[in-house]
């Protein structure tokens, strides 16, 4: 709301519809009331509608934004704890957790797109449901809905922090991003001299890497590795390039019941308490801890850029078109792109150096494979995705993890119903106690 | 000068060096004096230096712009008249004439780049010497000088005129360009609604195609052909898609000694008379007739965009990087690109529809082939380029044309000296009387 | 039949079904009777069935071969004479004539494939209906029938004649072919030394080019052009590289009513007289004049290679798979390929040199465009194909030719019925007298 | 020698030169004497020359075969034991061990190629020095020596065993291979019916995978994973798809001092005892245990195929040319190829399915990166290769492993001399006792 209020002059919103499912009704009412209070405290006359019927909200919409978690934070707890209980990283965006989030989410987003085709065929879908890149690939490439832009706040964060790391201000650096969501790389130039300062930042990252995300343990990259690249990784690359270190830290959190999911769940509980306060009509401080900072601003800015044809360069998930010639031309990539009235125009990045190229190609392959599994319910494809995902230990152990997670997420995986029944019959059960209890409670 | 004066606030030029060769000394002095008068009439204290020694001018330059014609307008007369005397289009940019312009120019630009490597290694080379795309390919891909941007005023003209054709103003349309210099295509969108209006413009082109260039006969494209494309051609495509009509018109001009070269030569003569007038300190009206309108403004704007890191989207010749995935990733293409302090960032265009793709691929092949001939003096490669160029009639007649043009341009083709001697020994002579006389006068 | 009789030991045929349409009934009976006489004169007991119902023939077939001409030789007369009457090459495979042959044939082959899906889903379709490459592209890429191989006798001829040109025997040279049907290139190596002898053959072609086809005027290629290539063209490239010379010769034939179509029609008439002779039970000498020599042998050999998994290397139209990386991976190309029980395995050729690459890319683009027109009845796409085909003069004249040919072939172009009616209403008529008379006779 | 004796009729060898380095003098003499005895026992008069001067041997050679191990089996012991001592797979072909083998070997093979350019410019280099694919890439792509074919016995083994697994004989199946050395995939067809039997073999692999190599632990692949693929992996893929299981087994061997290197060293010792026996003039049984079975036969067969232009289809490392369109066109790939007098003609494989494609692309990237390190001595690039190699644990631990291995292999890594000195100064030492002792003995 803050983002929209701030931009009202250029983006004169008429109405806002907030949608949630039955299980989120209370949350919806709390958030909806706060949202209306925020507008009421502004000079603008905007009505916030609340509904549990998404079709009512979609009808004639101009912009649709999606951010939801099928299975709520309890599902995330499973996404993180079950892999860790097998000695593997959960990584809720591209690891075993992320793949399961996709398995749960893809059928739902497909349904939303089908509704949009019918109810608001000219609307833009701004997605920041994670795994954002894979969801955007599902929407654009699999469902054929071109008017979609995928967002993520990681590049926003980088572009805010890296100038500071060099003692510069926003606007003093030029960035060129390319790769995949939570797996992108970037080159940096001084905006006043044109000089490539990518390696200068690498050196600064050894002192204090402010560009990392709050939700990622701040382990230092290896300088020699950074210098081998002609670009910089993103915070999430720690899981791939510092797997050993990240594993150790996450196992500690696991033991203390302080996985990210568990922490966030507690913060959210507190946040909703605050939101209920009728005196509150701006965002509380605490939200910062929730993570996803800048997310909402990125969404507002994207809508604003489309509506006003601003040509602003943002880092978004969109159709490749050749911008990253190392990936298929019709794959979804996360790249610097100009946002105009007719969509995102990606800036061509050119070939990546081999070692960067290879990892990006592998991750895109993993994405395509798990998306196929999600949309068809093909168990073998899901296993195949697990067996090539660098965050999963490969072998029988990967299959055991897959099977246990299928059983754990049974409620939200109708496309795998038959397979899950078979697994249960074979006696597959959830080992991690916390996760198992959630299952037992029907969560 | 007007362009620089207008932009002085953001682009605080200190000195300008104008360079010409010995043969252009008088022209240099006339133009140089006028240039200085223009600055003197401005509030700014800028010194215009004149020199016949390009190394003196290059020393420590920040920006170098090149626009020259090896052999002057007399060479262009040969480029146009000799092909026409064989019943073929000369087309001084991509046809037989253009290929010969490249053969004469490539060795010279190579020398300039070598000087720049030594004397101003951080300078940007803004080229608008024609054939602009092929020269840029020579500079970047063959000579390895990356800090180069190739310019052309055709897209500028299109972006100014097409809004008017729809009754709109500049800024009301979004453009996406891709292709090669003088062989680019574009898609157009309404900047307020996002609607693709490419075909709307096609219909308007049937009434009055204001987007065409002054120097190209204004023959109407075939509507049904335009509607088969998912983009629009540029003015020069008339030579390829309306070859028959263009041929007839050019043959008429040929007969009347009103080829473009001959007309321009007369206009230039008049222009230089005007330039001499010490009272003149702004551009005379007549310059409009010369063609190349907006050229100088495009150059100033590019320099300004680089210097100020403006991110302005311009249509330039630059490295492909995948922006046009139907062409090699390291080929030079003419595309919409953001201009920043570290160069041009091309906007990815994606695959072209087959018929457009095929022509662009053929023309790039022709460019690569004639460039190889230009830099190595390989006669067979020159012939091969002639035999695939769509503006040349294929067969023995193409070879006869090539041979005659080699003899006619002997003075400026040292790399073919041996072959030309052999041709002369075999009795190859220039048939067109006008062209032959120029040769006889050592021009 | 000769080909099958010769191979009976390895290819034990049980029955042969010959199919024709009602108009070909008499031909079918004459040819069928001769075919049965040939088998009867052999030691083998094979029954030749004749039918006008293709579904009867297709039922449970193992191999289907297609060679037909929609509209018979009268249509070819129009394909050749109408373009020539406009001063353009007809070129009944890839020129205006070839494009029209495709427009007439694509819907018919599509119907055959649909019948095959139903009646003989495991059969192989061996196509030598021209334009063979485009028909194969239609079958495999558009209709999705993968078990198809396209044949042409041009490479067979080259591989027989080029050894002789160097004073060598069959088997003394290795060939690598790649490109498109009637538009392929090849490299040649000495099979005993590994030496690349491509240019040696180029020199020999200046003396006597035995590798040319009987149906193509034997104009000499330009040696300097051949030497610029790193491969050799095929006979049909004369139309593209010696357009001027070929035009002149064809115009002479046109004037004398000796176009290829008219000559062949006369030869066929004589042949069928001979075929009727009950004493005849082998192929008559005269067939050589008909052209298409080796065609039948190539077909038998392909079937034999598939049936016996021979791995024989043949030059066929098949899916690219990357063999020619300059064309789309799923395009149909004509390449050297191993023929096995599971189909054609193309031999990777690698990148072509630019000038060769550009022409092949253009022709593939032309093929894709006219195929789209053929299958959708999209007039604009047909025009677009005409405006990029190098054998057509570009401009309004191309459209006039297209329109006249549409009207001339009305009977066989149901997909363009509406457009043709519109053209007739506008008064478009066939100008060439011979062609017009055929139309008036309902042929 | 057996392979050559067997093929003498078609491959009439005149002389054979065996070369070794000073350290291998005794081995050379033993093997050389045995080799001569084998020829003497044959009907053919062939002289086996022995030399420590490779230039003497290379002079005027027709075929050069290379199989050597820089640092002998002691280096392999380090390649395997040091990674295992860090809890990682050594994998002496593509893992940490294989990367180090490349680092030691690339400079040596480069020197050999330089000698060949001078001494036998028309010779063919048949390489089976491991890592065979990377060495071939170094020779062809980096050193520019095109007349090179890389060999491996893994595909030979597969093509011998898989028919047996289906109860068929050699020749009953058709194979299509593509990928990289020790990282290739294949599709299988019934040679009599054309049927794709790839998945049938997958099922049989669950019973008894005879296609695996003797030197690889026979852990079973996961059936569900195999069925997700449209092709089959090779034995080495166990390291990538069953990492967990392979790790456990190798750690057991490590503890028992039965790593492959240690076992082979013992077998070799015994073999050389046998070889010394003047009565021995054929290969002893024991050689089978050495592994590398069929290697020598593959080499003889390749030479024979080249010499006789046989067109035999073999699986070799050669230039891609587009055969595997998912990898760069000029990369070295291991594919089915026809072997002719002018080299290997790869069979186009087409796109791989995503999950297979991604892994192959990653491994090629790893290869390119470590090759760059090997030829330039760039430490950062070596680290980068370690950090993306799926067999290495990523993070600081990878760097520690790299550093320790650099120190351990110091003697054979002149290109890293400076860096190694720096590491030693920092106190980096070899931890594994066995490996350290070898170092201390100067081995």
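Brief remarks follow.
The chains carry the letters A, B, C and D, assigned in the order they are written, with residues numbered from 1 in each.
We take it that contacts are C-beta pairs under 8 Å (C-beta built on N, C-alpha and C of every residue); 3 or more make two chains touch, one makes a residue touch a chain.
All values derive from a computational prediction rather than experimental measurement.
Steps from chain A to chain C, taking the shortest chain of touch contacts, total 2.
Where touching is counted per the definition, chain B and chain C have no chain in common. Most remote from chain D, judged by the distance between CA-atom centroids, is B. Between the Cα centres of chain C and chain D there is a gap of 46 Å.
Measuring from the averaged C-alpha position of chain A to that of chain D gives a distance of 42 Å. Centres computed as Cα averages put chain B at a distance of 54 Å from chain D.
Of all residues in chain A, none touches two or more other chains. Inter-chain contacts, as defined above, occur between A-B, A-D, B-C, C-D.
Put simply, chain C touches chain B in their complex at residues 222, 224-225, 227-229, 240-246, 354-355, 357-359, 361-366, 368-369, 372, 378-381, 383-385, 387-388, 390, 393-399. The part of chain D that touches chain C in the complex is made up of residues 174, 176, 189-196, 306, 309, 311, 313, 319-325, 329, 336, 338, 340-343, 345-351.
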